[in-house]
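Here come two complexes built around chain A, the first alongside chain B, the second alongside chain C.
Right after this comes the complex of A and B.
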């Protein structure tokens, strides 16, 4: 059956934990995780609700393949109305937390209301209770996880928690599990903090059962793992170099946003690349990279475990950071590095450690620092206002601003509002490199045209993980397309958006899509879940999820005007590289995309589209 | 003529002597093609995936006839991805 068919509803206002059956009719339409939790959210909250009010809800959800032997089946999602974006948010995390939820017998946990005092949820199989977290409030994600394990005398408990960023409602606060995996984007950690919920601690000892056709599932998952192992990307490239292998190639094609998107190539990209992580440092003779790492059930193992240079100025007097820890991944290395013009790998690792420790999204944090550095460069912000010399390229400023933002000190409080609110406050809203108030990830849409449409139409604000057309436009997966043209990108983006929805809803990692197509996923879902899960049905599920999210955002007040890019990307041409002279063609692609989607000229789904999808 | 050759990720092992930071300056025959420059390096065909000249992709079928010019940057990656 794939699902446990059981939901835990936690009313934080009343302090109650109540089991209820999973709505199987909805599971049949939305599969699980991102899709199913979004359906619950849409049905249960007013789309216009203040994200930080008790009336917002936050759902932690697994998919039917989470916790199974399907490769990468360890994913869980956090679905809520995003604090940063005011749009529907779905942040996806790996690690081991999602699988533990399944092992404890649950598919989903719905949090509603607001606790009168700090609490954490403790779940041990059927037992679920809210416990006092007064002593944990103020502690880091790392300290919280250790304290909960110690308190219960159980090192096998899996913990998701917020740090000071979530408590202080930094609008890009994330929820950290297993020390360095995170439901990272859209400010889901701020929502959790607004509910006075410090952590969720899970212990499941039931294992996993209920696969519909176990021999077929064994055959399907084994065949799919073989595909991953034999693929050069998932079998060799990602385990050895991780995601950061992209740094040099994205720079080479002229699509590496640099200094708040002023430039598209970073002269020090090589110093912060995956290849640099493998080089021995002159100071201690060690490589930055210690090992790769895998999340639950993953046969790719792209994660990075690294060790910072103990002599670096950022940690010289802070031995607590000297051990091996998570990072750097491509997105974090870009946002903390190229986006600010910082080419100091150790400084990036330190800022990344602070993001993991205190629960901040390094993409939005780094990009917001980039916007602040531009305001400083233009003389709009002074060193007195910021509290330091915040020039582009300053590793010292990056590290100090990470500390200030995590702790809510000085100008860090303004950074913690994200670039859109900060730039608006200082009269230059156009300098926020964001869509729906969420900062761009690491691809410049002047050099990769399809990503402009991806960002503009992403239901959770600017994001690469809603439609990773980089795979096709740059990397040739599954087929190579031209990154510099707009033709055909509407169809490409829709195809990626719908397929990604299925991967997310199933509870597997979207990185499998570098080797798998839906045809590899389908036999696994079909064998695990009751009902018919044909290719046609999965494609329809993906499209249904996308349109459901869209409807939420329209009801929340978003319009076609929000499906747009900052003026810089439409008027300031790339100055170097293959895209030199080009801006993004979003105004051409957007109407084509609406048409392909079956939406009207205002981006509203046509009646026929909704009826076809049963919405 | 001289050009810059860059090899990344698992192809780093195939860089000629004298390479630093994944790149090396090469003297090649005038108007040499992409395929002619890559041939002596004996890169595994399966790993010769993304071939870029000055950042622009050169499809496999064009590599034998795409001529290079003085100062060009030829960069090659195996199949990679991330995000």
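Right after this comes the complex of A and C.
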């Protein structure tokens, strides 16, 4: 138990929906969600496939704790070959969509082929059918959700959809569920768009009754919730300030990438911080932040619900944006703000709303704008080419470029290719702040050395959610390490990578790991699932997931040369802050890491490693 | 002492732990669609509001039922549906001014909050204290205390 043991296979080419039993041998090796869906993908597609071709597949998957009382047990994962990265993509989202899949009786939905016309999948418990989406094509994620609920006369349907960005194959398009939660990274929305799949609408009234030992499960989840409630980060910091609590912290330690990583501290960080979201605006006397919100089952509730300033230039004439809606999280506030030198909170919120509405990853979008602003600053791009004055710090440029990218207008089309392709086109590939063509998130690896190794070796391209060593290097969780040194970071990164794989595979949120270790997760998994889920087993599952993803990427054509950082981070020292004078020591950490992983000097897993993990 | 569910929407984050607990207690499955307490999300106002039966003393549903399938639980004050008696006529769902009695097509009966025989699972599952189970005669006690605290009289020794 722990699973529904049921997979829905949707062949978009043939227009068929077929149930099949979940492969329980694989569930036993990979647990669920990220791990299990990756196993299915690896078994079913050629790693060299064009991500936007019908031969790529896209899998939406829950984990055994999704749709249960386990705190944060509402996550689902989209696994596919990424449009932005050409690497294995695995984007995780909260909200309520994942739990609904479980309540409808499914663990996983596999999409294959390409529909000849726009369709959406409608699932009501056992019933699954593809429906015409011609009328929905071109609509925003918000309009799509409302239209589907209206046409089925059912306000309780949960919807994941793509907006214009996914339809137009913006390479960092995301899949948005529940209005402002997203499977955000690596271009999973572009893959969905390439399949002519506009949305997935779920309604589950069967519920989930597959917990193996319910009294033990209730005891384990209750104890684990207590740990979250009593922890300063998950019990107080995140509910009050959201992830945005990091803005001032990371700026102070000199690791807030600013103006396309030219700087590591942003002089206007305070204006776009969590604290600023709590302050009353001079214009209307209201605070930007309205309330905090939880995803399904979450007892942390870090989500921000914000209300934009109606008098701001971006929305003055657009009342549709005046209501409360998904607000800025740390990553979005950084990417739309510091990465471009923009310190206008309301402009950031407007760009964030557009990302939610049209289905774009705000990290990659914001960072790509940052790269374009640098090209403009260097005189490589002119205002005629871009269509506006794109100087660093321009809130007007940020807002306009968000509109242009979402709608595929003018220079927005070039931004929609991501920074790696855009910078290469203009002869300056080194100015793309990315790994495997995916833009960095909000931590500068000169000020937090471990994050350099995290980014360089992440299987889905630059990403903080594969091994969040910030927890250790900055916050001292679970133990404090020095952010300015490379020593010990190889072991640290491996440990975080393997543990994170288990959190993801279980169907819970990685933010719980501010308070939980695997020892808090283990009793919950053990009580929910059949079989042995000891600590040793879970650690092995995490390592197995990592190596499986690695093998896919190697087969797709990636090599050790792709486990690297842009030259800026290796040659241009931080100019201010505690890391002043430092570059990232990736070349020192990489070989150490390969060794710790049981990989050879070329980053290929040794035979003994693969055998030990049963790969 | 009779107790009553007391809901403070300003504390609700919309996590649905209450809906999970309620549905598990009554159906043996984690199934929010069968929960007798529902959390409403007023998305564009940023407000979440849990809502369920208030257990009216002179209950419309109980008075309307033609087959006496809704009875008083003398211990808790809850109005409880006797499933064996319910014929699924839905008159109670029409009579209830608040919409908190609902018809289940699957079984042809109605369902409503029964206060879990005096240990409401929604209240114990709520992580923020938005749902509590308190003395029915003093549901306003916390609000009174808050206002009382705002008086400006100084403490004086006798």
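Here, the second predicted complex is superposed on the first by the 615 of 615 C-alpha atoms of A that agree within 3 Å, B and C clash if a C-alpha of one lies under 4 Å from a C-alpha of the other, contacts with A are read in each partner's own complex, and residues count from 1 in each chain.
In the analysis below, contacts are C-beta pairs under 8 Å (C-beta built on N, C-alpha and C of every residue); 3 or more make two chains touch, one makes a residue touch a chain.
Source: prediction; values computed, not measured.
Of the two partner chains, neither chain B nor chain C is touched by A:585.
Of the two partner chains, neither chain B nor chain C is touched by A:184. Once the two complexes are laid over each other on the shared chain, residue contacts for A:252 go to chain B alone; chain C is not touched.
With both structures placed on the common chain, the touch criterion links A:275 to chain B but leaves chain C unconnected.
When the shared chain is aligned, chain C comes close enough to touch A:293, but chain B does not. In the superposed pair of complexes, A:240 makes contact with chain B only, with no contact to chain C. With both structures placed on the common chain, the touch criterion links A:225 to chain C but leaves chain B unconnected. In the superposition on chain A, contact of A:468 is made with chain B only, not with chain C.
In the superposition on chain A, no chain A position is in contact with chain B in one complex as well as with chain C in the other. Here chain A touches chain B in the complex through residues 231-233, 236-238, 240-246, 248-249, 252-254, 270, 274-275, 302, 329-331, 464-465, 468, 470-471, 474-477, 480, 510-511, 514, 577-578, going by the rule given at the top.
Across the complex, chain C meets chain A through its residues 13-17, 20-21, 23-24, 27-34, 43-48, 125, 127-128. Against chain A, the residues of chain B that register as touching in their complex are 6, 8-10, 12, 21-22, 46-47, 49-50, 52, 54-57, 59, 73, 75, 77-83. The touching residues of chain A, counted against chain C in their complex, run 67-69, 71, 96, 99, 103, 156, 179, 204-209, 211, 214, 225, 229, 239, 290-299, 301, 305-307, 323-325.
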